[in-house]
Amino acid sequence: MSDLSVPPAVTGPTPATASSHRYPRPHLSRLGLGPGKMTRLKRLLYAHGPGGGTLLVLPIDQGLEHGPIDFFPNPDSLDPQYQYDLAREGNFSAIALHIGLAEKYFHEYAGDVPLILKLNGKTTIPSDTQAFSPLTGTVEDAVRLGADAVGYTVYVGSPAQDRDFLQFLEVRQAAQRLGMPVIVWAYPRGEAVGKKGGKESLYAVDYAARVAHELGADVVKLNYPVSSEKDADSPAPYNSLRLSPMEAFRKVVQSAGRSLVLVSGGEKIGDDEMMRKVRASMDAGATGIIFGRNMWQRPKADALRLTREVHAIFREYAQSP
Amino acid sequence: MSDLSVPPAVTGPTPATASSHRYPRPHLSRLGLGPGKMTRLKRLLYAHGPGGGTLLVLPIDQGLEHGPIDFFPNPDSLDPQYQYDLAREGNFSAIALHIGLAEKYFHEYAGDVPLILKLNGKTTIPSDTQAFSPLTGTVEDAVRLGADAVGYTVYVGSPAQDRDFLQFLEVRQAAQRLGMPVIVWAYPRGEAVGKKGGKESLYAVDYAARVAHELGADVVKLNYPVSSEKDADSPAPYNSLRLSPMEAFRKVVQSAGRSLVLVSGGEKIGDDEMMRKVRASMDAGATGIIFGRNMWQRPKADALRLTREVHAIFREYAQSP
Amino acid sequence: MSDLSVPPAVTGPTPATASSHRYPRPHLSRLGLGPGKMTRLKRLLYAHGPGGGTLLVLPIDQGLEHGPIDFFPNPDSLDPQYQYDLAREGNFSAIALHIGLAEKYFHEYAGDVPLILKLNGKTTIPSDTQAFSPLTGTVEDAVRLGADAVGYTVYVGSPAQDRDFLQFLEVRQAAQRLGMPVIVWAYPRGEAVGKKGGKESLYAVDYAARVAHELGADVVKLNYPVSSEKDADSPAPYNSLRLSPMEAFRKVVQSAGRSLVLVSGGEKIGDDEMMRKVRASMDAGATGIIFGRNMWQRPKADALRLTREVHAIFREYAQSP
Amino acid sequence: MSDLSVPPAVTGPTPATASSHRYPRPHLSRLGLGPGKMTRLKRLLYAHGPGGGTLLVLPIDQGLEHGPIDFFPNPDSLDPQYQYDLAREGNFSAIALHIGLAEKYFHEYAGDVPLILKLNGKTTIPSDTQAFSPLTGTVEDAVRLGADAVGYTVYVGSPAQDRDFLQFLEVRQAAQRLGMPVIVWAYPRGEAVGKKGGKESLYAVDYAARVAHELGADVVKLNYPVSSEKDADSPAPYNSLRLSPMEAFRKVVQSAGRSLVLVSGGEKIGDDEMMRKVRASMDAGATGIIFGRNMWQRPKADALRLTREVHAIFREYAQSP
Amino acid sequence: MSDLSVPPAVTGPTPATASSHRYPRPHLSRLGLGPGKMTRLKRLLYAHGPGGGTLLVLPIDQGLEHGPIDFFPNPDSLDPQYQYDLAREGNFSAIALHIGLAEKYFHEYAGDVPLILKLNGKTTIPSDTQAFSPLTGTVEDAVRLGADAVGYTVYVGSPAQDRDFLQFLEVRQAAQRLGMPVIVWAYPRGEAVGKKGGKESLYAVDYAARVAHELGADVVKLNYPVSSEKDADSPAPYNSLRLSPMEAFRKVVQSAGRSLVLVSGGEKIGDDEMMRKVRASMDAGATGIIFGRNMWQRPKADALRLTREVHAIFREYAQSP
């Protein structure tokens, strides 16, 4: 859809090598951040990881969300130390995990690996029709641990959205009060989503991006929308849009407004596809990536090699603060 | 229904050019407002926007309520800066939006565009049968941001009205304590409404206006009732009333008592119809309009031209404070 | 039913003209009231309205409970000023209404018309099977406004009675702490009531009177029980009782114990029937009446004439404090 | 000082018989009162006592403030019932006393005699050099008892003013929140006052009136300033002012701004002098008098006779609400 | 002292007509203000009063601080309406006063005259050796009243500074939480100040400016330092500094850092001297003036004429936001 207009986004200095296909990302100075959020975000965006205003996050909450099932492809990954070591050796911007993995391991990496404390989660065992992710930690826990951000999953479109919004309200207000950046895992979910094109549809992902933005996310973690036959169930005009994956993702990034976008890795993919996704994400205006299984389901040497490649790519997108 | 009696309303000085068809609107001095609510309402009604005791509000909560779907007719409108710029350039009385759009953008418009912080919202994805709109922000957020009013959606007639009323009670009391005006989005909704003529019926809109008034709204946002075959399902005498649209809306304004009335724009309509609606609303005793899609789904030049027309019309209805 | 035992009631000095058919009403001095409740009840019973220990209350909560539908018979009544003026001109003991009508109008009647703040309410739109009436205000609101009593609807027999009792507990305790009299609207309601004779049956009304009394009502608003074929569904011996309407109501008054009884007017009835009901209520030991639609659905002159008649009747039942 | 200018005061309708020497008093409608304060003040000013917007208050806090010593001139007055009976029989606007006399006696006068709960007090036994009057009750106590106002003593000029102001802040805010009028006993006191002309000097009384006004008194109880040789110690120009007692008191009333003024009786004086003081007070713009010892140190018959005279005088100063 | 280095100050666009003697004032955009403080300060600096980023404040707290003694030169000024009218007619940026004058009068000026609620105060009667100014209101009061800033007096150097700092901490935090600008009246005071050159010395005023800045003042109200023989008691090098009044004040402004400076008027001075002071203040980098006695001790016509002159001068110093 070449006529998908792309309004000039809020941005800082354009990187010197910007091609015509690169959309700028929101610049920290325009986000209305208080000093605490600014300090912590700058630490993630400039002082650790690839820097230059980019984010490379290693999530390890799959043990709660999916169960140990995700660790079979690489048995080493069952030990949380594995991911911590990977984050340190690969110079990630941060590691994202739940309170238990923070309490028991983080003390050995404090100062080396910035921490994003994931504040809510659930198992995959019961049905997702009324998906809701209860708190496992609080912003106060994150402060106590020395974390630099918190993560919260909003299940956009779930029939349980009332409890979800109210729970997020508490998190958002505590984070505002304590100067803690909030990263929203914005996931379409629930039976109603299923009937309107499904959780991977552009309709659903696009809506999720906007909901996270309107609810007050500083950063939003998004999946790439995936086109399928079920798109026909989406409301017009989504049911007839013909966008390239890049155009679709660009649209989602725009819907996230001045919330910085982190691209979710999802299931493990091939090396080349992964690098294309990284580059496409940054071209579309994302601020970084949050790749878990695509990192730690690989042997560590492979993961570190890929990490170095990501670093190299991100350097091309570096911005001054 | 020419015999629809119109009792003498509470009002201030009659405008010099009042025709026989103009019903007066409630005057601020009669509303029992404390000094904080008075100060803030006067700012909206006299110091910004068209003034003269009128309100011209630009809402941009549709991204949450409907999804980015509403931005397709005018892709520029996907960027919240667009609406902020429109509100500033068009000299609106205020912009109304959720916490995320306030935190990330308002700092660049502070002092220029008054803020109405919308305090609850929901997505349109799950079913509306038990419609309930959870909090996304609080009155304390509004004070902290320098807002001049808060907005709250009551889903009148929803089976979830018990939670809704209780949630509104907290908002109303905080607003009373902090001197913050409360604008109620009074929307008939839920399966029971559907069985009694539907959410656009005079029965439903009229009831919604009164509920907002009795619950303590300072201002109430109302839709024009729409007559249809489903009116037959409304309770008597609504099922047999034959009112002109103007008479029907006048009835609704009366049911809102001393709560000031804001007329909702709803879906985009033609220019002439829009201006007729503006004038009819003011003639019926409304205090102003809150037009979103009818503004920002138009190209900005068109929206600004229409805004100037609204300003001109409102000047005819100006009242001294 | 000559064997309906009438235990010697708690009472004060017998009025000079008491006939053999007059049952005494509870006397304030025997109710164990603290000084705040005593002060405020005396204000209603002696210092305003007909006095002499009687109550004549004008309720205007029907706009919330039934919708503007109730105002059609007398369009003037749509404006809350109408009821306030009627209460002042007719010298009512008090006006009873929700927070919105208190905040926006009461300041113009403060000192003239005592206020009973109704603390909970609901719309009639959703089904009544799980009837529950959420809070719209608090006892603190009532104190702040200068009200002399609060009103609370208990839906006796509703499947939602657990939430109802707990909500009432909060109200009752705040009222006790602040010396504020509590008037309970005791209404049988909900699907289970329907199966046992219905909400108007003696079984249901009698039970409701007792529930209000046992929960701590200072005053209880009751409907006249209505005999019907559905009585057969009531538990024994209610299913076989043959009581005159007067006997039935006397029984209900007795069930309310030392809670003062206010008789509900219900739907509009004829002038003569209304006056018979007033007299019968007082004969049965009621303390007064709370007639809304029977007052303000009439033209004001008619309502004022009837009010004067009620005053005259009440004088026959005057008691010294 | 005939050139003491008297700016036009805030006032309501001038009484029909106003002479050239009558200064108007502030009118309730201009005081920015919320509905609760308005309701309660109207009760004192119009519904009880002499009415017509005047106040006749009987204080009985001398047992705490001075000890039983004050009851010797009239031994009957030692029994608090005496003052309660006097207040009822003499139709006072209210009786003012501490929590103990409220708890133990007021229940027998509830509804007849409005209550002003005095919230702080002290004995006269320790030195007054650091005068401070600690709380004996709270605004919540007053609400619970059904009081219509609270009284609070501010010792203006005391070295303990910091604790005093902070204690008053709590009282003022609770009263604002609960709609309870605040009457400030504004007394110059403490060693520093003694050095600047003494507690009865115009300098001290005038300053006290203004302090009470700026701190938020709804009503202020003031003593007549008394000229003496110590005036020379007052700051200029007070040390050289030559005002008649009437001019001096008028000045004090002006300094109280829109706080209504109650004139303190002080020590017992002769009948004629007392009536001259009443009339002079009202001429100067006071709203009423608060005479204790001058009432209950007299035999009851005398006190009631004087009370009737005060009623008669006050009728000349009646204002409509 | 030509070698008094003047570092380049934080500033916005330089006014077109800036002479070499004009030092820039801090620009709002550089102050790290959250949106609420920004909104409210812009209202004072741009939307009311002279505008262009200047402040013209009328204080009327002298009745509490000094007593009615200050109103003798212009008896009309005893009535607070006088100052309110002067603020409105003279188009001041705001009026600054205590809770009592806000509660009783502001409702008639709401929307016309911005309010600065002074939160602490004391009388001048007791000795100043342990100067401490207790709270008379709170930030919540200010929000409730619709105020745009709060004022707080810090007695720099007082032996009571521990209580003062702790009290200010509460105010500053509430103000931060609610987005309310804090104006600090920074006054050197207490016996220790007296021994080090006195409260008017450069040493004392300079220190006070810095204390207010370090404690978190958004705006600081300062007096001009006055050179005297007592300077010799100040610590070195203050005891030997030879600065012109302008240089001395410039030094003080620098010590206030990014806290905006309001210049205090102090005792009444002549017209020409007053205007020279205004111009000198602005040249030194002040943001505005807060002149009380110099305004309302003059006849209103004179005050308004001088106000117009101040407006004219301020226009020369206008900055864009």
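The first chain written gets the first letter, and so on, giving A, B, C, D and E; residue counts start at 1 in each chain.
Just so it is clear, a residue touches a chain if its C-beta (ideal position, glycine included) is under 8 Å from a C-beta of that chain, and two chains touch if they have at least 3 such contacts.
As the structure is a prediction and not an experimental result, all values here were calculated from the model.
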Where chain C and chain D overlap in contact partners, by chain label: B
Interface residue overlap between copies chain A and chain B, same or different (over half shared): different
Copies chain D and chain E - rotation angle from C-alpha fit, nearest 5 degrees: 70
From the options D-E, B-E or A-E, the pair that copies C-D, where over half of the contact pairs coincide: B-E
Chain B and chain C: spacing of chain centres that average the CA atoms, whole Å: 36
Whole-Å gap separating chain B and chain E, where each centre is the average of the chain's CA atoms: 41
Centroid spacing, where centroids are CA-atom means, of chain B and chain D in whole angstrom: 48
Whole-Å separation of chain centres (CA-atom averages), chain A against chain C: 59
Residue numbers of chain A (touch at least two other chains): 32
Touching pairs - complete list by chain label: A-B, A-E, B-C, B-D, B-E, C-D, D-E
Residue numbers on chain C that touch chain D, as the complex places them: 34-43, 46-47, 102-103, 106-107, 110-111, 115, 140, 143-146, 177-179, 321
Of all residues in chain C, those that touch chain B in their complex: 61, 63-64, 67-69, 72, 75-76, 78-82, 97-101, 103-108, 121-123, 125-127, 132-138, 141, 163
Residue ranges of chain B in contact with chain D within the complex: 32, 34-35, 177
Residues of chain B defined as touching chain C within the complex: 4-7, 9-10, 30-32, 156-159, 161-166, 169, 172-173, 176, 188, 190, 192-193, 196, 203-204, 206-207, 209-217, 235, 237-238, 251, 254-255, 257-259
